Amino acid sequence: MAEVLVVYASLFGNTQKLAQSVVEGAASVANTTTTLRTADEATIDEVRRCDALILGSPVHMGMLDWRIKKFIDSSIYQLWLVDELVGKVAGVFATGGGYGNAGSGVELTQIAMLGSLAECGMILVPFPKSAPGSEVTGSRWGPYARSGGSRMEPIGIQEEMLEGGRQYGASVARVAAALAGKDLFTRTNHVPEGENLKVFQSVNG
Amino acid sequence: MAEVLVVYASLFGNTQKLAQSVVEGAASVANTTTTLRTADEATIDEVRRCDALILGSPVHMGMLDWRIKKFIDSSIYQLWLVDELVGKVAGVFATGGGYGNAGSGVELTQIAMLGSLAECGMILVPFPKSAPGSEVTGSRWGPYARSGGSRMEPIGIQEEMLEGGRQYGASVARVAAALAGKDLFTRTNHVPEGENLKVFQSVNG
Amino acid sequence: MAEVLVVYASLFGNTQKLAQSVVEGAASVANTTTTLRTADEATIDEVRRCDALILGSPVHMGMLDWRIKKFIDSSIYQLWLVDELVGKVAGVFATGGGYGNAGSGVELTQIAMLGSLAECGMILVPFPKSAPGSEVTGSRWGPYARSGGSRMEPIGIQEEMLEGGRQYGASVARVAAALAGKDLFTRTNHVPEGENLKVFQSVNG
Amino acid sequence: MAEVLVVYASLFGNTQKLAQSVVEGAASVANTTTTLRTADEATIDEVRRCDALILGSPVHMGMLDWRIKKFIDSSIYQLWLVDELVGKVAGVFATGGGYGNAGSGVELTQIAMLGSLAECGMILVPFPKSAPGSEVTGSRWGPYARSGGSRMEPIGIQEEMLEGGRQYGASVARVAAALAGKDLFTRTNHVPEGENLKVFQSVNG
């Protein structure tokens, strides 16, 4: 039994489509409950409750969309402070276009999201070449659906790409189920409180 | 004669202090004019006009602050679309805290900003170990001032760190002066217009 | 019951010390067997057999040591081809010096190793701030022991740093035990054979 | 008048072809001399002498080839120690295959090389979308020629891709000419000597 939360940002619907496929894949695993939210909608309580958190972003200027980062800086940050996400499971996905065949920054985009999730102590699930759908959405860090050709001609999110999202959602759900409720990390007290919290936060920025 | 624009975000004044030192350093180079702006204040026209753009961010959750990314996604994006920053000069700096001595994500933070600037075709200026001040602010991609100790005890931005900012600002200003007005990149027409622009943008996200 | 394999490179013994602490930590978890190898010694069979693979490198020129990359390109590559590491567990650690307090490239070094392991479909274990020892070895991707001060004065690997290594080794071993023998990833046939294998390989390089 | 050195590794000739196009592009700029070397052949003196150094690698396991890293760790390292590359110009390129359309690690590969070059204090030249050839080799950090399709069917290096290499080589040569002989970075004494050098080196690893 695992709860999978998928949080994404989308401007023209491409990332939303891929997000829906990830949720579908997770929901296909027995005893999994799923929640799909935009970065604006998702609440701190939803993040706190989940066993697995999957973030999805369009690639904008070769990096995660600012809406996703705002969600990380405001909501996820609160749970990082108090170590509440340690040992949970995490994943990422992305969509994008851009000239050429190098992914236009998708790798840094996915690593940016994974980095904030690793910061929280979350266990990261990859997307191997053996996954069905990886011929069109293959990226080791999580599925990537290319909504534009190498000359930026629009191709949209194709059905074949959604298979990559489904497979990934299912893998993350299975890992989450295998690890749910287990406490695998020894913890020391690094949680600042009261006046210490204010001082702690003032260091950042 | 070069115009250097420094754009930063700061929550508790640490990044602001380093930003001021970068501007001071740039201003110390003959025939340089400088402008210091927060990510909220900076205008597209200011970015268009500058010969060198330097971005500064606190490290938040191991990645650039969302305010800087919003500035990139809204303002810098407009100039990327029309290739107006190609061949200009760019640089980055950051401040942060965090447990341990690994920089807590400063490297990905600086690369995130550099990546968006490289996307625009800007020439990137590093911060070598030979720079005065690098013993306390050394990071190859641009100066990093650590406002907290490895146990997150606040230490603030020290005078010695500002020297790193000044040296970097001066180096960027000199590179900008050496390259200003030169057109070193051959261009083809990759600027979408009219209906094409709408289609082009719809691919992203 | 899990088998943990730690593979490292070390020139002056610093990374070796941290590697030993990681192995110690893993061995402290019930029913775990451990193997410690340099990148020159480790065999493909040892990698094939393990439940968890942890790679450790000194930071050289801001990136993983070439000996570790040679091991990845020759040994790990063979298992990547045939998808034999999919679903296993992985981790990384590093040591280094360098001017300043930004980690001198440790983040890219750790991500470089994690990237090759994610490419193989391995599940990645982070090093959260809640881990004992993280005040001196904290890095979200895996422990980092700094063997030189910010002015490059040698400080060596301190006992306190070894605690970070032990904690990490134990966490990875526990995650490996929880996932060992489970097949959580659906696979399609992406394994090239015979003449196809030769063609496949010729694409790379 | 600028001297451009291109150093690459290649197993099946793909990266070699792109390397040749980069050299051709550089040579097309008036008053430029060029040298093309494999990572095994290039000497420290050749690196010391050049005004611009361009590194090229196949993407192997989502990261730079170990031969390139060995060249960095042995030859470039010697010049990093004594700050001899500060203020010179640098660039990168890569080739690769891999399932999917995310570039299969080309971004981290290019950043790995750029990181070592930034460590040396070299000024980095990007590859903007406005460059002729970027529709097939576009990657902000430097040209990327994809020698395999998204299903790993071999396509080889096409003539159209070589245009991207040529344009990039020419841009780097022009930036090198504009900056050659100028000393734009203030230096402090961070060069270890004699006994200090031994201690300094022992910190790494």
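Going by the order they are written in, the chains are A, B, C and D; count residues from 1 in each one.
Following the convention adopted for this analysis, a residue touches a chain if its C-beta (ideal position, glycine included) is under 8 Å from a C-beta of that chain, and two chains touch if they have at least 3 such contacts.
Note that the structure is a prediction, hence the values are computed from the model and not measured.
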| item | value |
| --- | --- |
| Interface with more contacting C-beta pairs, comparing A-C to B-C | A-C |
| Reference chain C; chain at largest CA-centroid distance | B |
| Intercentroid distance (Cα basis), chain C paired with chain A, Å | 23 |
| Mean-CA-position distance for chain C and chain B (Å) | 32 |
| Multi-partner residues of chain D (at least 2 other chains) | 62, 80, 99, 105, 108, 111, 115, 118-119, 129, 134, 140, 190 |
| Interface residues, chain A side, partner chain D - complex | 62, 98-108, 111, 129, 134-140, 144, 146, 150-151 |
| Chain B residues touching chain D - in the complex, by the definition given at the top | 80, 83, 86, 111, 115, 117-132, 134, 140-141, 167, 170-171, 174-175, 178-179, 182, 184-188, 190-191 |
| Chain A residues touching chain B - in the complex, by the definition given at the top | 9-15, 58-66, 69-70, 72-73, 76-77, 80, 95-97, 99, 105, 108, 111-112, 115-116, 118-119, 147-148, 152, 154, 190, 192, 199-205 |
